[in-house]
Amino acid sequence: MSKYSSKWLKVSEPSPYVLHVELARAPVNAFSTEFWTAYGKLFDSLVEDGVDCRALVVSSAFPKIFTAGLDLNDANSLGGNGVDTSRDSARASFATRNEMIRFQRAVGAPERAPFPVIVAVHGHVIGLGVDMISVCDIRYAASNSSFAIKEVDIGLAPDIGSLAFLPKITGNHSLIRELTYTARTFSAAEAEKIGLLSKVVEGGRDEVVKAALELAKFIATKSPVAVSGSKHLITHSRDHSVPENLAYTGAWNAAALMTKDISENLRATKKRDAARFAALKIPSKL
Amino acid sequence: MSKYSSKWLKVSEPSPYVLHVELARAPVNAFSTEFWTAYGKLFDSLVEDGVDCRALVVSSAFPKIFTAGLDLNDANSLGGNGVDTSRDSARASFATRNEMIRFQRAVGAPERAPFPVIVAVHGHVIGLGVDMISVCDIRYAASNSSFAIKEVDIGLAPDIGSLAFLPKITGNHSLIRELTYTARTFSAAEAEKIGLLSKVVEGGRDEVVKAALELAKFIATKSPVAVSGSKHLITHSRDHSVPENLAYTGAWNAAALMTKDISENLRATKKRDAARFAALKIPSKL
Amino acid sequence: MSKYSSKWLKVSEPSPYVLHVELARAPVNAFSTEFWTAYGKLFDSLVEDGVDCRALVVSSAFPKIFTAGLDLNDANSLGGNGVDTSRDSARASFATRNEMIRFQRAVGAPERAPFPVIVAVHGHVIGLGVDMISVCDIRYAASNSSFAIKEVDIGLAPDIGSLAFLPKITGNHSLIRELTYTARTFSAAEAEKIGLLSKVVEGGRDEVVKAALELAKFIATKSPVAVSGSKHLITHSRDHSVPENLAYTGAWNAAALMTKDISENLRATKKRDAARFAALKIPSKL
Amino acid sequence: MSKYSSKWLKVSEPSPYVLHVELARAPVNAFSTEFWTAYGKLFDSLVEDGVDCRALVVSSAFPKIFTAGLDLNDANSLGGNGVDTSRDSARASFATRNEMIRFQRAVGAPERAPFPVIVAVHGHVIGLGVDMISVCDIRYAASNSSFAIKEVDIGLAPDIGSLAFLPKITGNHSLIRELTYTARTFSAAEAEKIGLLSKVVEGGRDEVVKAALELAKFIATKSPVAVSGSKHLITHSRDHSVPENLAYTGAWNAAALMTKDISENLRATKKRDAARFAALKIPSKL
Amino acid sequence: MSKYSSKWLKVSEPSPYVLHVELARAPVNAFSTEFWTAYGKLFDSLVEDGVDCRALVVSSAFPKIFTAGLDLNDANSLGGNGVDTSRDSARASFATRNEMIRFQRAVGAPERAPFPVIVAVHGHVIGLGVDMISVCDIRYAASNSSFAIKEVDIGLAPDIGSLAFLPKITGNHSLIRELTYTARTFSAAEAEKIGLLSKVVEGGRDEVVKAALELAKFIATKSPVAVSGSKHLITHSRDHSVPENLAYTGAWNAAALMTKDISENLRATKKRDAARFAALKIPSKL
Amino acid sequence: MSKYSSKWLKVSEPSPYVLHVELARAPVNAFSTEFWTAYGKLFDSLVEDGVDCRALVVSSAFPKIFTAGLDLNDANSLGGNGVDTSRDSARASFATRNEMIRFQRAVGAPERAPFPVIVAVHGHVIGLGVDMISVCDIRYAASNSSFAIKEVDIGLAPDIGSLAFLPKITGNHSLIRELTYTARTFSAAEAEKIGLLSKVVEGGRDEVVKAALELAKFIATKSPVAVSGSKHLITHSRDHSVPENLAYTGAWNAAALMTKDISENLRATKKRDAARFAALKIPSKL
């Protein structure tokens, strides 16, 4: 999998069907346009190439921090991207909006992947870091983690995902609004209280990455048709009413239930054997 | 109420206006097509017959388990239902989808009832069991309960309700996804943590059923117009935006506020008397 | 700010850009039509006049109670409002519905304000009190608070906001339904458990108001463009799917990112100075 | 097919896979509760029994009229259905609403059928008649037809389908509103102008029924998987946005494209032969 | 009704329950902020005062033109409204947006009225004129009318209603887009072709106003409960799916069907008498 | 612009800011996977490269036909795309679905372009041809055109756009359903009757292309900020309710109204000069 590694992204395969993506832009994983573009492309490439990944873990490569968020030294990072804004405010706004949508699509890439993405954080998780983890399927945090929805302190409303996701994926709007308006730091315990995390792992980077990789390894033993379909349907459920989701699920599973993974599971159970599933290979690369 | 009892469903009326439905298919309440069809019909019959039920408790009749989920020995249970699938994959898919929708409608019957349905679980609550409780209004669990969203272990995405309901009725998407992808067992404590339960009752079947019946008895003293309307409007709220729900509520209460239950409540309060409400009898049986 | 004070509403400005609105209708802040009309008008006036408010705290002026809810002695309070209902049930219903919508709009005024509204409650928070706090951005409660969604005990389904908001802003539908159907009293601890509160403050009125005012003061140091936009976008997110919210956010921030508050924040950070922001003055009064 | 005929509904099979349903309640096809209940049941029975119908034509059996609409002599026809409304206005309203939903479901049965329903009208098409034809897939009218959305003349807003369907299935809201508010009669030419009809057939009952049966016969030569799927997806499209419909279509056709009807069409084309398709038999009757 | 007349708006009551509103700002009914504010207030006042209006006609008071659209000489007309935009682009944008929403609400007032609003146009209907007529219930045009969606020629996308309404209330998106992108003039015949008009009346102002007033007079003989409900439900239908509209209609008519207008219609029919209905008086003015 | 031409797509710039894309795969513009992939990429490249295109015309390069639709000789054209379907039906379905989504995105590319796309058709417009034109902004047809929604004759429901678009962009569901279920050929006159076309141009390819290019040239003289915004907002309007579109438009125009195109229009009008607008250059290529 090292062929997917790039300047600031280390990709390894610690166990079969499990990928580990490490953010590695020293010193604090600050995200420049180039960095988040590469981040989004990595996920889209894995999907387009039909890599047989069944669970993926995202973490930082550094011992002290997950990410400091946006790289404010990147000239392009606040939407300009080289547009000469002196000419016309409306044209500048259109360009900014376009850039924002590209940014949202890059950071949102984990949602488009057919496999679960588990994010394992420790240390500081600032600004863009909260957008990034909100998009992932499952969030594990080391007990030494601290979070901040930092955008208000720059002078803008978070626009890459936090506000779109948090009110739906957690269970306390009062606290979400407080954390957003104040941009204050909050602990792993408080993150757990609002329902942002599956688990707080005692310790730091090593402990939380270990726990996440074990979870990924376990998920990778399951039917990819079942796991991938579940991911897709939970995302659909989040964005639609109960009757709409039930109807969509009916159309979806009409196809999915023809999988041989069901008989393979029955066979494995009967033989007390490990089930072996074919890849969910979707060759969309031309 | 015993006339509503059937082969695997025991129906009793432990207190006025309160029904108790017990699942009783030995040994583990495995759900065959016949069983879930009967389950859905029971609720629809109570509604069609205009039975004056004001709260209903669902529990298992057995001391050790709520349900093991789908009966995998039932030839029809995985969508086939006698269709000759050798002929045409699309026709088989259409038939599967049709069956799924019937299945969803049967398990979803408690939502269509005009009275609250409280489910009291203990022991194992596996697979379909989670779909079943997700659809109910209120969930009480004995401290000895254990749960599993088991479908992934069969090779399919849950399609009868869990994925449609859980992301909306609880408050931690990370943990919901983890539990769905892993199909692992989780405790009543963890279920409470994600917001799935109103209450964990110390003990087993007897304790949790007792607590649920007391709750039902208390709800049954309230105005059926008010309780039934509240149920209807919370369900609507779950599936619509705030402005849409406020508008719908306006249309709904325009009729409901003409009830004599309001004056009866005022009278009872003044006289320090118990309020007595007429049935919310909706004779829809022809 | 005292010019905004009225018969039952005390308005003060305890710190720059922070308003404090105290409910002061002795003895129990019972809401007559006149009272809730004034409450809604206060917020709408602050907005129309372009008052430079950056955070607002709502509390009771009385030491023992937040509000007992609707004033049942007010002839108009249950929808009649002087309509001669003897003539025609449909016309009466239309009038009731119209009144309900006016009531919803008045109580919902805090959501339309461009600044965050923090509600600080203590003692009894009954019936309409729950609708009122549900609409606010952030909820702080004294540990001596007790709550009741009391409408069912009058004979009606809550129609001014609780049922529209609670299923979306908290994380436990089972408990919300239980509390609604039973109309029973619940503690601050239980309110916190369902995710209704940011914080339970040990003590009573003084302690919780102090905490809320400190929070308001802190928020008032932030960029109004960022805070106001965040409020608007979280509300949009609650009512739309993730893709719809991301698209809307793109259009919104295309304009908002042109604010000078961003450069002011950079300047202040560099100079280790307090940032000073212009008012978000939106003169909509004609 | 005569076994599906009943007191007021004549069912025949004029050509293979084509059913003809004739409304035959002398003298003017006035709809009592019993009549519309039977009408809805007929469609639901055909579906449940898995009858191999590939197109169905609805018409009147009488030479002068399609339907006069609701039978105002039927004590139950305006929602009462035996409820003692003297007791409580809210309970009466709830019962009325329940009855309306049953009525909507019965008249809406053609939409739930997996085959296209073509309605061929002539003479008067009054009140409920417009609701009935709005729900059907395809509308043919004799040139002697006249229509009226008559409900306003009774004193109520149409509630069985006209207002839900017409604004979506036609192309002139101004005229739809005019016709609804005035309840005036309009001609086949005017109906065609708003986009309500596929075709105006010169003549009366005989001519329009002949044209509709020919259309049905032609549709019945097509792949049932393709026709049924198209019906389902157009209905979905009407009720959802373009992106939502494209996503749903993706899930739907993922299963449907596995049909052998595609290869059968290729074979028939190559051999200049008539294609022969298996029934879309969906045995949902228990 | 003359008390509702104001500087540029003439209000008369040409027949019982029918109001006629004439736009009368010489020479070309150009809309300044003051004019559209007054226009919106007129409708809202009629509603708040519970005026027993059952149909209203809007026309121009001048023989040659309906309206030239926005008054470009009004300093405030393009969103500025006195805001010092030099200070901060984001603040200026927020103020512009706020002003646009006020503008939309004013022009959209006819939709909020409980009675039908018929607009009768002749001569030029330019820019804002198209927004204005799109919001009305029914559109009649003299054969000498000409229309232009003129905003693109100013340099902006129409934002007061045309683009929100036209794609839903007419039946040809290709032509709507062509007319919007080109801002070209189109005739009454072309307007009729896309489904924008109920009727083209041969002649000019006098003929079209006469036809509209006759229509209004006829509608005013109908049950206000039925007409008002129909208006409300068609608007709801336009904005919701078929199943959602049917459900909402059920809740709405549950109350509306209790009207005495139904028995009054039956009585009048039996006695061959004119039906007499009580006002739909909804006193919402405090 | 010839650098954008490719094997089967000829790109020219017949007048300033106007592009002409001609489909040129002899003999009948049959669409293989390679062809529709190139078609989608062309549009996306124009956008990514920020080409200053202000209106684009799509037509066939051949005198007799627009397109025969899908290339059935292309092994991949029916969803297979090289997947070994023998292994597992569910995996094959997932791959098919993925390919369909890629196909939808390619054919849907004109909607994502910031400039209007006018399609000018003549001769046969079969199957995929109808999907393609449905996605475009404006449709012109030569009087010799004939159309067929041909998919049912292959054995599948149209899934690339026709069913998603036609029920929304035209005004006669009855005829749309008839044409879909029968797959029969229909004339330009019938297409105009359902509201599919802006205009039927007497003649064949030359006449319709000339008319379309003139329209494009005229649109290209308009403000790109206004035209592009209008396109975006009409598309949004099609997919959202009136209140949602008005709100979105408010956020959109808050930025767009700052354009200098407005003052340029005022200047040009005053000077009787042609307005000159800057490009809407959105450099999103990295």
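Here the chain labels run A, B, C, D, E and F in written order, and each chain numbers its own residues starting at 1.
In this section, a contact is a pair of C-beta atoms (placed from the backbone, for glycine too) under 8 Å apart; a residue touches a chain by one contact, two chains touch by 3 or more.
Computed from a predicted structure; not experimentally measured.
Undergrad: Would you pick out the chains that touch subunit A and also touch subunit E?
TA: B, C, D, F
Undergrad: Looking only at residue numbers at the subunit B/subunit C interface, is the share used by both copies over half or under half? Answer same or different.
TA: Shared-number fraction below one half, so different.
Undergrad: With chain centres taken as the means of their Cα atoms, state the distance from subunit B to subunit E in Å.
TA: Distance between chain centres, rounded to whole Å: 47 Å.
Undergrad: Using mean C-alpha positions as chain centres, tell me how far subunit A is from subunit B in Å, no decimals.
TA: Inter-chain centre distance comes to 33 Å.
Undergrad: Multi-chain contacts in subunit F: which residues touch at least two other chains?
TA: Within subunit F, the residues that touch at least two other chains are 89, 93-94, 97, 168, 170-172, 194-195, 225, 238, 243, 251-252, 254-259, 261.
Undergrad: Touching subunit B in the complex: which residues of subunit C?
TA: Subunit C reaches subunit B through residues 72, 78-79, 89, 92-94, 96-97, 100-101, 104, 108, 151-159, 161, 163-168, 170-178, 180-184, 194-195, 238-240.
Undergrad: Would you mind writing out the residues of subunit A in touch with subunit F in their complex?
TA: 33, 37, 81-83, 87-91, 93-95, 97-99, 102, 114, 225, 228, 255-261, 278, 280-284, 286
Undergrad: Would you pull the subunit E residues touching subunit D in the complex into a rising list?
TA: 55, 116, 137-139, 168-172, 194-198, 215, 218-219, 222-223, 225-227, 229-234, 237-238, 241-243, 245-247, 249-259, 261-266
Undergrad: Which residues of subunit B touch subunit E once you look at their complex with the stated criterion?
TA: Touching subunit E from subunit B are residues 248, 251-252, 254-255, 258.
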